[in-house]
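Please read the structure below before turning to the comments.
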Amino acid sequence: MSAPVDFQLTDDQTVLKRGIRDVLEGRFGRDALRAAVDAADAADAADAADAAGSVDNDAAVDARRAPRLDRELWRALGDAGFFSLCVPEGAGGVGLGLPEAVLAFEEAGRVLLPGPAVATFLAAGEVAGAASGEVVVTAVDGGLVPWLAEADVVRGDAAGAVAVRSVDPLTPLHRVPDGPQAPTGAAHVSRATHASRASHVSHASHASLLVAAEQLGSATRTCEAAVQYAQDREQFGGPVGRFQAVQHLCADMLVRAELARVAVYAAAVTQDPLEAAGAKLLADDAAVRNARDCLQAHGGMGFTWESDVHLHLKRAWVRAGLGHTAARAEEELAAAL
Amino acid sequence: MDLTYTEEEEAFREGLRAWLADVLPKLPAKPAPDDWPGRRAYDTAWQRTLYDAGYGEVHWDASPTRRLIFLEETEKAGAPYVGANFVGLLHAGPTIASEGTPEQRARWLPPVLRGDEVWCQGFSEPDAGSDLAALRTRAWRDGDDYVVSGSKIWTSHAEVADWCELLVRTTPVSEDAPKHRGITWLAMPMDAAGITVRPLRTLAGSAEFAEVFLDEVRVPVGNRVGDENDGWRVTMVTLSFERGTAFVGEVVACRRLLGELAREARANGCWDDAVLRRRLGRLSAEFAALWRLTQWNVSEARRTGGVPGTGGSVFKLRYSHARQELYDAAAEVLGPGALDLDRAWTLERLSSLSYTIAAGTSQIQRNIVAERVLGLPKGR
Amino acid sequence: MSAPVDFQLTDDQTVLKRGIRDVLEGRFGRDALRAAVDAADAADAADAADAAGSVDNDAAVDARRAPRLDRELWRALGDAGFFSLCVPEGAGGVGLGLPEAVLAFEEAGRVLLPGPAVATFLAAGEVAGAASGEVVVTAVDGGLVPWLAEADVVRGDAAGAVAVRSVDPLTPLHRVPDGPQAPTGAAHVSRATHASRASHVSHASHASLLVAAEQLGSATRTCEAAVQYAQDREQFGGPVGRFQAVQHLCADMLVRAELARVAVYAAAVTQDPLEAAGAKLLADDAAVRNARDCLQAHGGMGFTWESDVHLHLKRAWVRAGLGHTAARAEEELAAAL
Amino acid sequence: MDLTYTEEEEAFREGLRAWLADVLPKLPAKPAPDDWPGRRAYDTAWQRTLYDAGYGEVHWDASPTRRLIFLEETEKAGAPYVGANFVGLLHAGPTIASEGTPEQRARWLPPVLRGDEVWCQGFSEPDAGSDLAALRTRAWRDGDDYVVSGSKIWTSHAEVADWCELLVRTTPVSEDAPKHRGITWLAMPMDAAGITVRPLRTLAGSAEFAEVFLDEVRVPVGNRVGDENDGWRVTMVTLSFERGTAFVGEVVACRRLLGELAREARANGCWDDAVLRRRLGRLSAEFAALWRLTQWNVSEARRTGGVPGTGGSVFKLRYSHARQELYDAAAEVLGPGALDLDRAWTLERLSSLSYTIAAGTSQIQRNIVAERVLGLPKGR
């Protein structure tokens, strides 16, 4: 007798997810995260000093020292098979599917992994060196280009891109002024192989889905962080987590994260572009609103630079602008009704 | 993670579809909403039809996927709802199946499956709503009987039920006996002396529920399921069952309603309103995800070998609000028509107001999620 | 020294408001409200019986027995000066202003006064008999006509109006099919005096504002009812009002009602059409959401026909469709930015 | 109900406008955000300018309408904010004015009005945020001094302040001395030995606040305002003051920001997006009503002859969320620009994240409204 519908992680998937979490937490745990933030911070301060000492021109702005991508981490992820997860075994990859990919990106979102991981992942098998983490690939996405200065390969037309002082200290951004808002990973492919039109559609849809998976990881993490803080923080003679107001805040966070989870996982299984758009919509919502609620649960402590909550919120804002925006997802879903 | 159906399951679905296509057109006309004997007859006849075709036991099927397929296909085909059989098939039945003696199972389960007997539920009381365990209906032993006095509320189909699954207090609340102890589960015959049923009108204008007044009603001790004073545990089996698969058909229904709403909006011109259109798009994502969450919870329940757990609270929280939002969106699409009781949407919108209250308010559900799922300290 | 800005009720206004409340509660207290609901209910049941026994045609639908307007109550309100509050003293009225009018309509909304009070009030001084409550005036408003069958005078073009089975048992409704959605009390004035164009604009604005005042009264009442229930209802060993979840529900209700209150009062003082539109927007929101939250606070008890909560919700829905709808108010406010 | 201004008030407004038009263009350039001595100098110079022109005492004016006009007109004209003078003018000053001895008032108030001395606030502690009364910084008597040890957090302008209004615990918490008793209010000179100030960086990247560490700092007993152990009552005067008129300028600012946002939306094309346009329309209604609520609360305060009461909680609850919603709408208007720290909106959006937390979280505000305004039973 064959297996019935089983919309749960297989044992292999659970092991894989755990393994990726171990790699990521080992290579990019909290200390590494804060070190990266401090480094980006120092670069920003140096830029500010430069800017103060020079006339304001585009060249100066462009020269801003963005946070450095940790190439060693990138190669380590490549070695662990992170980027080649969906590359066929015959082509040297791990040969797994989109469901495994969303689990990996969920973990990446959880630890706030910096770098254009989605673009590099989608380039693996198409751009030489991407799968191994030797070559860093980014893509023009909705008028934004993350990590343009650090990337070896840029997909899409980044002509005229201007550096932006990014709200997320770990995601340097460029804007492509007035360009067509090309969907992620699609349309103009430069410095890279061309792909078929159908592949463009699935690229765009997969990119949205993988970003959604990152949002899911972040939403889950901020929910856990709020719960942890509510258990630890004492006010009015006991943990604040015994107050219904805090309990209900946390409960709503879990509901958002769990709804996003099934949407992301199901879209990965069905590969239905509409389900991917819906997953992005719900995951954006979960990541942004959970980060906000996590901050609220933390009170003043969440407002400090030392807390990680703001890093989740800022990254969630950046990701909400990549792939399907809410407006686009809603319109596509409505059109299909 | 797998969302494909096995050949067996697909065969089950195909067979069911074919059977529904054959049998549904032959059904008699639906009875009027306030014709309780007519509704009982219609609903039990449908259960008998299912039983004769081999689908009678589908709610108790070991395969949750088959249950899912059954609920999905019957909803899509517009088949009758479980109606008067609801408590028997989805509450009392599973409780008796799980906690009853072989004799009790033999006595009560087959008539439910055949559509011969109808059950109602006597749990809630006017002063024990969210705080169900605070119930006060008393029962004391007198020879081989319990003698029961008190009152119950929100009892569906009370007028036409044969049996009532009844929660009574057999030990008064005290230091030694906290309120969750001292409760006992009884099967009360609805034709016993001392029972008065009074219809309870809802804000939708209909009398879907009743109050049941009990004045020294005698219930044989043999009608007790589980031990005396162990009724809370016995009940919890039923309640988590309720929060698990009970909503499958409703999610399918919501996705259908959303489609109808989009058609209406396109027809009446308000599809051009981006605010409304995007709202419908978002609801589409929500209900698609709720459908996946149902599959997730069912898969999880099968894995853990038991009834669905706290995942049901997560589902119910989001579902109940999303369904209310669906009717709010519908009101925008209908415009002045949303004030017209002759539009089915209007009555459904009114009914939906209970979704965030019935079977545990959203506030209670959030408490459950916070304390049992997230492990936050007991609320205060 | 003259008085500084004093945005509070004057002593006279407080006395007036109290007096109107006394009249309304004396003439249309809770018993009268429930009697009116029962009567409307009986009429509806009779209609349903008729409909079941006849073929479905427009004539049958039109013959539906709507709830009867209590003419005695209407005249009593007229005697108390309710309808002539803003009619100049020289013309036999009370000679007060819009601020006093919103206080009166707030009280009317509080007790769920049935009947086309806004249209009759605005017709006082223009339509003979309206001021005294002898003549009942209704108006075509956004495709709806409340109390068409009972009204003596209809303002606007109600040709082809079709009876609707109204969700609010105390507000019979007709729909004007496919007609232009004329603003309240404006455009085509039939069986009544004509008025100038400027007067139309202020009519429309005043109508929205008075409906908003009714919404405010309802929002205040449901907030009070929720608080009262939370104090009285015991669950888990004490009043449910000690739970933060219930406390915060009630607090949010108060915030909505108080914001609507200052918006309605200020719009009455300034007579600024934009402020009136904003007041309607906030008051609709307060009335509908407070009724919903009041129902939630009541739990199952709020879901019964015997509770008054649903009467507030249904009336609030009807009022939200009269005068400025949310979409129209938002667009007008945006256009002025 | 009256919203017209008297001739006197209109004359005050006209005079102020003319004076601002004359004086504002002559102001020096604004100092950099992290140039604390520069900011102190700029802010105190502005206060001195106000003082010399007869506006120095406007925050303490008996006429709340004049305060309202002052805050409205200075915001509209783009005048400097109260800045480093905030605590002196709006917290410590009013407290001393209300609770201090004649000698204390003579010592501390004139330098605040003249812009000679700057105050900071030492209330919050790392372990006493929402539960302010749980503060642990200890003070014990030693001769004519209190000796103070502990730490404070969220202290603005600590680096450049002359004085700190400090809350300390003078009696340990016990059965006999609940936490709200046993607190004392002290004016601590910031140049005393034992004080360490450490900048506290916020998520916006700036160091608007500091932590203040106190290691056996000696504060003369004569610097105590109010009785020993009566500091909680003394403090409440200040806190309700803070929640009353402190937001007037901000509401005016929000209405200006909304106008700027509409202009930007019209320029960049997203005005065609009905979802966004209607959102801005709704926000316009909200801020108009919040402005009216300010006038309402101020009028009420004058009538009751005291500082604004619980109406401030209603205001703060709605205002803090509405302002966050304004920045969310701004982010939609700006699109990718919302991720750019060089757009002023982005930093302001980050700062606004504290609005629902600082000076009493929204959760605490709802408790206050529920218990003190609505009279619901003490929460649990």
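Going in written order, the chains are labelled A, B, C and D, and every chain counts its residues from 1.
Definition applied: contacts are C-beta pairs under 8 Å (C-beta built on N, C-alpha and C of every residue); 3 or more make two chains touch, one makes a residue touch a chain.
Model, not experiment: these values are computed from the prediction.
Enquirer: Could you find the chain whose CA centre sits the greatest distance from that of subunit C?
Expert: Following the centroid criterion, the farthest chain would be A.
Enquirer: Considering A-B alongside B-C, which chain pair is linked by more C-beta pairs in contact?
Expert: Comparing B-C with A-B, the pair joined by more C-beta contacts is A-B.
Enquirer: How far is the middle of subunit A from the middle of subunit D, if each middle is the mean of its Cα atoms, in Å?
Expert: Distance between chain centres: 37 Å.
Enquirer: Between subunit A and subunit B, tell me the centre distance in angstrom, where each centre is the average of that chain's C-alpha atoms.
Expert: Those two chain centres are 40 Å apart.
Enquirer: If you average the CA atoms of subunit B and of subunit D, how far apart do the two points sit, in angstrom?
Expert: Computed value for the inter-centroid distance: 53 Å.
Enquirer: Listing for subunit C: what residues touch at least two other chains?
Expert: If we look for residues of subunit C contacting two or more partner chains, we find 243-246, 248, 327.
Enquirer: Please set out, as single numbers or ranges, the residues of subunit D touching at least two other chains.
Expert: Residues 273, 275, 278, 363, 366, 380.
Enquirer: State the interface residues of subunit A toward subunit C in the complex, per the touch definition above.
Expert: Counting only subunit A, the residues touching subunit C are 243-245, 248.
Enquirer: Write out the stretch or stretches of subunit A touching subunit B in their complex.
Expert: My answer: residues 1-10, 13, 99, 223, 227, 230-231, 238-239, 241-244, 246-248, 250-252, 254-255, 258-260, 262-263, 265-266, 268-270, 275, 277-279, 281-282, 327, 329-337.
Enquirer: Using the touch definition from the top, list the residues of subunit D that touch subunit B in their complex.
Expert: 273-275, 278, 380
Enquirer: Can you list the subunit A residues touching subunit D in their complex?
Expert: So the residues of subunit A in touch with subunit D come to 41, 142-144, 164-168, 173, 175, 234-236, 240, 243, 245-246, 292, 295-296, 299-307, 309-310, 313, 317-318, 321, 327.
Enquirer: In their complex, what parts of subunit B are in touch with subunit A?
Expert: That would be residues 1-9, 63-65, 68, 258-259, 261-262, 277-282, 284-286, 288-290, 292-293, 295-296, 298-300, 302-303, 311, 314, 317-318, 363, 365-367, 369-371, 373-380 of subunit B.
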